[in-house]
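Given below, in the form of structure tokens, are the structures.
Each of the next two complexes has chain A plus one more chain, namely chain B in the first and chain C in the second.
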Partner chain A sequence: MIDIFIILYSMTLIYFALAERVSKYVILLFIQGVLLFCVLFFSLYKIEIFDFIFILLETILVKAIILPWFMNKVRRQNQLKRENDTYIPVFYSIIIVVICLLVSFFLSSKLQDTQIHSKYFTVAFASVIFGIYFIIIHRNIFSHVVGYLIIENGIFLISLALGSKMPMMVNLAVLLDVLMGVLVLGIFVNRIGNTFESVEIGHLTQLKD
Partner chain B sequence: MIILYFSIAFILASLVFFFKNQTVNRIMSGLFLLSQIGFNFYSISNIGKYDSIYYKFDALGGLFSIVLSILSLATFYHSYLYFQRHEFSKKQESAYYSALIMLIASMMSANYAENIALLWVSIEATTLFVSLLIFHERTKDALEAAWKYLFISSVGVAIAFMGILFFSMAPGINGLSTLSLNNLIMNAKDINPLWLKIAFLLVLTGFSAKMGIFPLHTVTVDAHTVAPPPISAFISTSLMNVGFLGIFRIFTIIAKTSTLYWAQNVLLIVGIISITMSAIQILRTKHYKRMFAFSSLEHMGIVALGLAAGGIGYYAAILHLVFHSFVKASLFYQIGQVHSIYKSYYFKDTGKYFKFYSLGGLAFLLCFVCITAIPPSGLFISEFLIFKALFIQNRIIVAILALVLLTVILYVFGKNTLHLLYADKPENVDLNNVTINKFETLSQFVLLGLVIYLGISPPIFFTDLINSAISILK
Partner chain C sequence: MEVLSIFLILLTALLIPGITGMTKAKIAGRKMPSVFQPIKDIIRLFKKGAIYSTSTSFIYKVAPLVYLSSVSVSILFLSVGSKISLISFHGDFLLFAYLLAIGKFFMIISAMDTGSSFEGMGANREALYSMLVEPAFFIIIASLALFTDYTSLNELFSNMHISSNFSYVIGIAASYVLLNTAMTENSRMPVDDPKTHLELTMIHEVMILDNSGFDLAIIHISSWLKFSIYGTLISKFIIVTTLPFYIQAVYFIIIQMILAIVIGFLESFRARNKMEKNPQWIIMLSAIAIVAFLSTLIISQKIILN
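Let's look at the complex of A and B:
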């Protein structure tokens, strides 16, 4: 069952490279959130019921509802529609995301560490690398925040891959911190949109010697 | 106890934020400083004890908290003066004070965190609050610097979190004590060295944005340039100490394993590249605050070299951080005064400072002597010990290269200091509505005096704290 969700997750990565509309990014973030929730639901059956419900709830609330909703709000405020300002054409991006996935397949089959669930690790690693790539190729800072969220989702999967069980309070604090971070990033995106009347990174090059 | 402190900080910060009133700001800041100092005394007298399962009052955290408390006193005072000189709306002023209170509280949390995931949470929290403070002046430059700082630090810190996750693979660790520092140090030998190396690299890269060393140092440099001077003083002192603490905690885990030598080599490379970058870029800068920022980069590079050298280098690295904090903070406070006369941070707009305000000129000269590690500055002793450690470890080429580069930095710093103090008077300086409080400069003399005193005859209490902080590495 988990395999399906993992494969679906890696498909969202390819779709991220393919999509040209900003609204698609928001939808894809929502889908990733739901998929992470499903993965969690099927992988964490061994823990206490209270912890289980709590972790599931916080995941679905933050990853699948609050963050996509907030990103959508930011998108509307800045009237972002078509995203045709990547440095690299879509065609090459698709090739690169596929290479990312392949490399992480080879890497995780090479590792052979008994403590790592290589299924999760493959997609997680690809997600982190692709998130960084996504930030690099885009000219607008809204997409940079999307890239940051892709990295965060990848790290979430890595924590599952390594089977790390953090104390509940710490887990909650980590999630809250990420949430706060994205909220502040979104506020700054709006500010930049208002001040420069555009969210292109090209405007932010004044500070130098 | 630490929970009580956080609740007080949070309540005071929210009161400041909602009342938007100057008197409330001052009263709440005073109350916060009282609770900060009180908590600091409590934590120092309880060193070695746990406070809840997530926090432990350890020696290094204690030392950095003392530095933090002293600097918060000075920073609140200089922020008060900053608001007297510049016109800001009440909303901006209260947002500034509440973010400052929360920033100090989250740095305290980072200092004493025993669980490395919690350490990560605190460091991420400092990023959020400090980016709000960088944005305080609401200019386009401030917006750019705040965005870059927030975004690059967040991505960097997220990468550091990945590194921290790798530590959770240590065998025999589960339940509430997962990722507790004590447990990790005890079980470090059983972790696969490959994972240790990857984790160390990721954490070093991530927290380098906070500590202001090589890979991600650029964001801190930009942040220094536009932040209000009291905040710049914080970014390049206590916040850098927090970044160092993040790297140092991971280093202590590695110190007992066979990976130590490898990690030291990495730190050596990072340190020497930082110093090189600083020496190259400081030559081109035209802005006092950027010059100080590159000087911070250099000093953090020296600290990394100290960790890389080992032995007496550990002791000297921590000593260096403490001294650097006091000196760099007084430089930034002083540059606030310089700005109130010349209304500019650029070299070309300044000159004859000694004539305009001789006490400030004297403070600046003393700051210059201290920051470039000329005796009797305490930094001389720490740098001397670090280079001694490098020579003992046979890292002679690195040590000589670093010394040559330090000469370049000394030259640039000296040239621009003398320009500020003695160059011809710039044309359009209006001294009529300049008010400088004499006590303002006094705070800088106190900090510099502290550096000289601690360098020449460190009290037993101080050396004991540093020695017990590094005892875990031996």
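Let's look at the complex of A and C:
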């Protein structure tokens, strides 16, 4: 069962590379949140019931509801362009996301460590690399936030890969950071939008005292 | 009995375009045409003679026939449900795929042969898109081969559901990829719009602008057969092979009809891609096929991940 959700998760990465509309990113983030919730549901059933419910609630609330809702709100407020422009054509991005997946697959097949669940690790590592790539290729600061969230989802999966005892602590710490980060970035995006009437980061070079 | 499955494939090939047309008419709120409307059109075309331009060579005359015959021969590699196909040997999927490619190749050079700049442009696009969609099909078949340890189409599909339930995971991904491959290979909606009237945005239609009468009919029939071929491949992933044959045959027909309706839906609700966005959309199919391949590697424990 977990395999299916992990496969679907890796497919969302491909769709992130393919999608060109900003609104699609938000939908994909929501889908990733739901998929992570499903993965958790089927992998963490051994831990205590209170922790289990807490982690599940936190995942579905924050990842699948609050963050996408907030991103959507920021998107609406700033009246972003529907089409997103990237530095690299989408065609190459798709090839690169496949290379990310392949590299992390072979890396985790080499890592014969009993402490690591390499199934999670494959997708998690690919997700982190792809998130960084996603930030590099986009001009728009909103997409940078999306890339940041992709990396966060990857880290979340890595915390699952490293054993079933610790994820709660790792997860909480990461989640708090990211939530604050996204909130700050949201305000930042709004400010840039108010000042320049566009959210392209190229405008930031014009700032003076 | 092998002939029966070929008969079924041909029968559904005749029905698929009619049902697709009916679905599209229903969704658009028009009066539904008869299921046999495409067949009537073909009969009308058959009654006409073909007209050949004086600037064309024998390639132009021979290409539609090569197209039809290559597609018909590739049907012999397929079968319905648990039946054995007429031709089968190790690695036959390579011949199967390249038989389809030969037909396409001849259509491309016949379009170049007319010397029309429009047709050259269409041939160019068709060649690019078929090249891009080819890896997706091979990666899907390769992951099946990994999963079952066999290399002929018959054995691949007959041994697929035996080892574990994970075959359905591969089946879903493969059906998705094959459906979209069929749409690309037949130049249907997301890649090309068969209803378009502007030569600059056509792909397949612009290649057959000069063909008329008998030749045009043959080309249409070949593209119906191609839909039926891909439908048969998809049905192979779904049909349970332990059932008696008549139930399998009913399943087969139902699946083909559902496929026709799905195609009608996709064509009604999807807009055609911008021409420049087609390559990335098609390469996405290969990317999904690679994900399916990697998951097969994990599931079949060729590479052991804990």
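For the reader, a short list of remarks on this structure follows.
Please note the rule applied: the second predicted complex is superposed on the first by the 193 of 209 C-alpha atoms of A that agree within 3 Å, B and C clash if a C-alpha of one lies under 4 Å from a C-alpha of the other, contacts with A are read in each partner's own complex, and residues count from 1 in each chain.
Convention: a contact is a pair of C-beta atoms (placed from the backbone, for glycine too) under 8 Å apart; a residue touches a chain by one contact, two chains touch by 3 or more.
All figures in this text were calculated on a predicted structure; none of them were measured in a lab.
Once the two complexes are overlaid on the shared chain, A:3 sits against chain C while remaining clear of chain B. By the document's definition of touching, of the two partners only chain B reaches A:135; chain C does not. Of the two partner chains placed by superposition, only chain B is touched by A:177; chain C is not.
Looking at the shared chain after the overlay, A:69 reaches neither chain B nor chain C. When the two structures are aligned on the shared chain, A:188 is found in touch with chain B, with no touch to chain C. If you count the residues of chain A touched by chain B and by chain C, you find the higher number for B. By the document's definition of touching, of the two partners only chain C reaches A:95; chain B does not.
Residue contacts after overlaying the shared chain place A:42 against neither chain B nor chain C. Chain A residues in contact with chain B (one complex) as well as with chain C (other complex) are 116.
Residue ranges on chain B touching chain A, taken from their complex, read 53-54, 115, 117-118, 120-121, 124-125, 127-128, 131-132, 135, 140-141, 143-148, 150-151, 154-155, 158-159, 161-162, 165-166, 168-169, 174-176, 178-179, 192, 195, 222, 225-226, 281, 284-287, 290. Residues of chain C that touch chain A in their complex: 166, 169, 173, 277, 279-281, 283-284, 286-288, 290-292, 294-295, 297-299, 303-306. Taken in their complex, chain A has these residues touching chain B: 113, 115-116, 128, 132, 135, 141, 144-145, 148, 151-152, 155, 158-159, 162-167, 169-170, 173-174, 177-178, 180-181, 184-185, 188, 191-192, 195-196, 203-207, 209. Chain A contributes residues 3-4, 7, 10-11, 14-15, 17-18, 20, 89-91, 94-95, 97-98, 101-102, 105, 108-109, 114, 116-119, 122 to its touches with chain C in the complex.
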